[in-house]
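What follows is a group of structures, each given as structure tokens.
Look for chain A in each of the two complexes below; its partner is chain B in the first and chain C in the second.
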Partner chain A sequence: MTIVNETYDVIIVGGGGAGQRAALETASSGANVALISKVFPTRSHTVSAQGGINAALGNIDKGDSWECHMFDTIRGSDYLGDQDSIEYMCSQASRTVIELEHMGMPFSRNEDGTIYQRAFGGQTLDFGKGGQAHRTCPAADRTGHAMLHTLFQQNVKAKTRFFHEWFAIDLLKSGPQKVSGILAMCLETGELRVFHAKAVVLATGGAGRIYASTTNAYSCTGDGLGMVYRAGFPLQDMEMWQFHPTGVAGVGCLITEGARGEGGILRNSEGERYMERYAPIQKDLACRDVVSRSSALEMKAGRGCGPRGDYMHLDLTHLPQETLQERLPGISDLARTFANVDVSKEPIPVVPTCHYMMGGIPTNKYGQVLTQDKLGKDTFVEGLYAAGECACVSVHGANRLGANSLLEIVVFGRAVGHHINDHIGDIAHEKNAEFDASLEKALGRVGFWRQGGGGESIDEVIQDMKKIMQEDFGVFRDGKNMQEGLAKLDVVRRRLAHASISDKSLAFNTRLVSAFELENMMAVAYTTAMAALARKESRGAHSRVDFPDRDDKNWHKHSLAFEGDRASTRAVNMQPNHVDPFPLQEREH
Partner chain B sequence: MSNTGRIIHITVYRFDPDQDSKPYPATYEVDASHCRGVMLLDALEYIKSHLDETLSFRRSCNEGVCGSDGMNINGKNGLACITPLASLPDKVTLRSLPSFPIIRDLIVDMTRFYKQYERADPYLQNTGDAPAKERLQSPEERSKLDGLYECILCACCTSACPSYWWNPDKFMGPAALLWVARFLADSRDNYENERLEALQDAFSLYRCRSVMNCADVCPKGLNPAKAIADVRHRMLDEST
Partner chain C sequence: MQTDEQDASNRVRWRCRRGMLELDSILTDFFDRHYHVLSFNEKALFEQLLQLEDQQLFQWFLSENLEGADDFIPIIQLVRELHP
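Right after this comes the complex of A and B.
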């Protein structure tokens, strides 16, 4: 088969908020840009975000500041977040929200016409001393939808070149630390194409589908992480997975934290507001790791709701009708559709559910992808950038604050574009023997699935992987179970090397896509398991029964995982540029 | 209807361009209690995992906000992921969205649909200088966008519209016109004249015959027909 080659200045992989914002920024400089997405851009998972985007606009709390937002983010991260990146994100937050508003995003409003701001978890005034902050800017409870469509509309206006429903298979390297393009496949026709680029931006989103129970879309399979891993570059902090306290029990779909921000209360089988016991100050709006652990402990203590005691109640029945209609219309619909619950009359059955990957592809605050030399020193991968959930920049550290993810994708999508615009002139297209070798390797992977046969179905492998992750790498972890889990996962990983698909059609072969996605998920799952077993402490979302305390002396550092089961660490950045560093403290709830 | 032990016969009109000259029906027997969830999409996933892995359909969010899995379900367009199996009879027939070219099985070519969307100039336009802060908008002005901005571009409405079936290249269709209405309704947009001017021909807007199929099928409960009527009223106001 002859393969068409196309050449661009910039190739962006992923059509969610980060990819689309990066496309707008790079295209504005006149660069030749193409955005490749496995789904039509408005179907990216950004669309499912509900609650809002954080910025200290001060529309409700006059004294709020981005420095307070920075403090909350660092504290929420359990001090694993990089302070230079967090400083950058929080200092850019207000201009980012204003920019989105000017683009046409339909934010909810206050009586005076300014953007409405609601309470969200882990957000305080006056550096933790001034009580609950109102910092989260919503478009009702459909903020992700409103944002994603707004960004897509701007890309329509800018006439961005989209390759939608193309699947990116692998990075193509022209040197040990240089990326010069990608191999991608058109879903409709099965055509393979080489995209040469001076800069490749990965904005491929999360990977929650490695767990059996998740709020994530089917499309969240860690494709960018798999590509980076196979290219020999590290993944960072993969043990850090956020379990959202309020996924609808048995279904997984998300009920926004905004429901508690608007006054909703979590209750156990005795009707008790149990968060008052676990987090006397922040109560239901404590950080997500804290609330999820509390719910898990309540269920363990026999105070779960329902016949099997395996969920908690989210009570909104006391909220005014106007609040439900104006601020929470989407989740009222979801609860009716998926749980058959009228939220004005009955509580919603909820359970901690895998929601967000804090780890990912390590980058600096410009979105440049980092790797490590033999001496453990940070070095750049030339021509490769990452932004959004697939990246670990790291603004979320060990636990993300609600409504910081929509902020991250826009801020760093823009930052990546900015850096590329400034440096694209220094980068050359490169096609050499190493490039050809990496193309051969990628084509080999395609051939494996297209030509292979007679092996085990990929379904069995997927289900076994999800089950292991769910049982051994969930809200609470302990060394013995994880050791066994890792061994089981290793067996499953080996089975994948002998699996096959029977669908050999070239036309829109969703089975082939699932096979590629499974390979990517397996890289994510395995690095998660390795890193979780290695980190012998409890920090943020990583909670070990056998090491219940935070251990700053040995573990205040990022973990790195490479292909070939090699592990390393990186220092946490404690050097913001414009404010004093925030020193390590115990978290109070 | 309870799903316990319930057997549902799902007939899907199959088509693979590599092998088939036209779509043909294939029927699958699904025990609803074996599915991982309670929605039609869960039954399709079951078929793909256990009965026939070549069955092809789009899906992503699994909660009715991404708009990937629009299809024709027993004669009516809808999203598989928010259609409860309990709401369906024991015999279900699935076809791809009517009037759209079929790529494979339940997957259709949406190129023309997206082109019509682009014709709506679906982005805020404001000739004034942007203020340093947000453009102010009262809650009342903002509420005029409710029922318009929530569109997920699933194409259930446009595919159900007889006027679009006859003139898919000239009539913009309900989804695209809903987006026109969304920007006309936005107090921050001042391109009303240009937007209305672009609809002056006999087809783009005026081919709507108020059949109301769009409102009947919209999985988000939106009413494109009403939005189109509102745009028409604006046209009248403009011309008088």
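Right after this comes the complex of A and C.
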């Protein structure tokens, strides 16, 4: 088989906000940049982000500051976030939003022409003592869409070369800790191609499809994480998954936190505003993990709504018509289509639903991918970067605050671009025996699916994996269930090694893509299960019945999971560069 | 050997993959259950529809507002009527 080789300065994998921001930064500095995306870039999952992007602009609250934003983010992370990365993100936030505004992003406006800012969960003034902050900058309830289109137009102008409907299969290594390219497949023709690069940036987004119930689009299959795992590098804090409190029951579609920011109230079957009991200060706008667990507790206590008591009510009926129409138009449409509800007259049935992966590919604040040497010392992988949801930089720690994800993708997409621009002159393209061996291994994976046959269908393997993750590694976790879940998952993982696909065609072989995606999801699921069982405490989104308290003495650290079931840990960064560290405190709600 | 028609069908199914779960759900469900019985013209119209932006499709499928839908109105209404 003849394989075409192409050479670029930078290869970006993923066309969402992080990938496009990194592409823009490098391409506009003159680098030869290719962006590879399995879907057309403006159909990336960033388009789903509704509520907004956080920045302490102070347009509503004059006393707001990036230091307060930093404090909220650290506290929200349950102190698992790296303070140097969080400091960098929050201090760059206002500049980043204004950059987007200057690129043409159509933010919502105040009457005086400044960018409108709404309240979101976990945001406070005066370091938790000054009440609710208004820090989230929206473009109506279509912020991700507006951002993605703005960045796409800028990338076209900067001459980024787009390979859309191409699937990235594996990283190609030219040394034990050096990446020099990728193998990718054109969906239209089935052609395999080697892309050589001085720098490879993974920006492949989340992996929520490992759960049976998720708000994530079908494309969120953890492709970058699978590539890193198979290359022998670790995944970090994989036990940390955010469950959004308000997914439409039975469907998963997300009702943005903006609905509660604009005054929406969660009620139980008795009509009680139950968040007043669980979080007397922040109430419905408490952190997502707190709200999700509160809803789950209400259902366990028999106060869930509906005939089976298996959902809660999100009540918007008291909101003025103009608020619903102007600030939350998409929510009314969504509730009507998927729940058959008129939000002005009836509450929306909602349940906690898998929404966001806080863990991922470990990086430093420049986006360089980190691994560990045999002595447990951090080292970075030459030529490999990651940004956005696939990365764990780690600004979200054990729990992400709403509207920090759009901020993260643009801040660290840009940071990756800066670092590449500063160092690309020192890097040479490399193709050596190790590179060839790496390519051979990747081609072996393709051959397994294209030529193999007679095995179990991948559909059953996918369904079994999702069911185990939902039942044993969801909102509530306990050791016994997780131990059994891990054993079941190990069996499912072994079945995958003997599965096959019947479609052997070349053009748009979506079964082959599904098989690759399943291998990536299995890496994500298994590392999630391993890390969740190993972390014997409750912190942020990771809530264990058998270890209900946070254990800073033993578990104030990041977990790492490698291929081959090897586990390790990394210290949490407590050394910001420009402000004093924020010491550990109990979270209050 | 895969036929050109099967290739085209696979291509259309892949393009039902969108950035939003809501559209994934509506479009993929429609494709799996109804695409094979569409007329040639309806199939062509559905494929053209998939070239459009997610927010546009979201508006047409999830709201009453079909502004700008023009030639796509019949296929949009069909998808909406058949949505479970």
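What we mean here is this: the second predicted complex is superposed on the first by the 589 of 589 C-alpha atoms of A that agree within 3 Å, B and C clash if a C-alpha of one lies under 4 Å from a C-alpha of the other, contacts with A are read in each partner's own complex, and residues count from 1 in each chain.
Simple rule for what comes next: contacts are C-beta pairs under 8 Å (C-beta built on N, C-alpha and C of every residue); 3 or more make two chains touch, one makes a residue touch a chain.
The shown structure was predicted, so the numbers you read here are calculated from the model rather than taken from an experiment.
Legend: residue contacts after superposition of the two complexes on their common chain; A:Ser502 is shown touching chain B, with no touch to chain C. When the shared chain is aligned, chain B comes close enough to touch A:Ile98, but chain C does not. Applying the stated contact rule after C-alpha superposition, one finds that A:Lys157 touches chain B and leaves chain C untouched.
More chain A residues lie in contact with B than with the other chain of the pair chain B and chain C. Applying the stated contact rule after C-alpha superposition, one finds that A:Ile115 touches chain B and leaves chain C untouched. In the superposed model, A:Val579 makes contact with neither chain B nor chain C.
Touch criterion met: A:Thr337 reaches chain B and chain C at once.
Look at A:Ile60: by the touch rule set out above, it reaches neither chain B nor chain C. The interface of chain A with chain B overlaps its interface with chain C at residues 39, 42-45, 47-48, 142, 145, 149, 188, 217-219, 251-254, 330, 334, 337-338, 503, 505-510.
In the complex of the two chains, the chain A residues touching chain B come out as 39-40, 42-45, 47-48, 57, 97-98, 101-104, 106-115, 139, 142, 145-146, 149, 153-154, 156-157, 188, 217-219, 251-254, 330, 334, 337-338, 457, 459, 501-503, 505-511. Listing the residues of chain B that touch chain A in their complex gives 16-19, 37, 48-50, 53-54, 56-68, 82, 84, 103-104, 107, 109-110, 114, 117-118, 121-124, 130, 132-139, 141-142, 145, 149-150, 152-153, 183, 186, 188-189. The part of chain A that touches chain C in the complex is made up of residues 39, 42-48, 142, 145, 148-149, 165, 187-188, 214-219, 251-254, 329-330, 333-334, 336-338, 503, 505-510, 513.
Taken in their complex, chain C has these residues touching chain A: 2, 6-7, 10-11, 13-14, 17-22, 24-25, 28, 53-55, 58-59, 61-63, 83.
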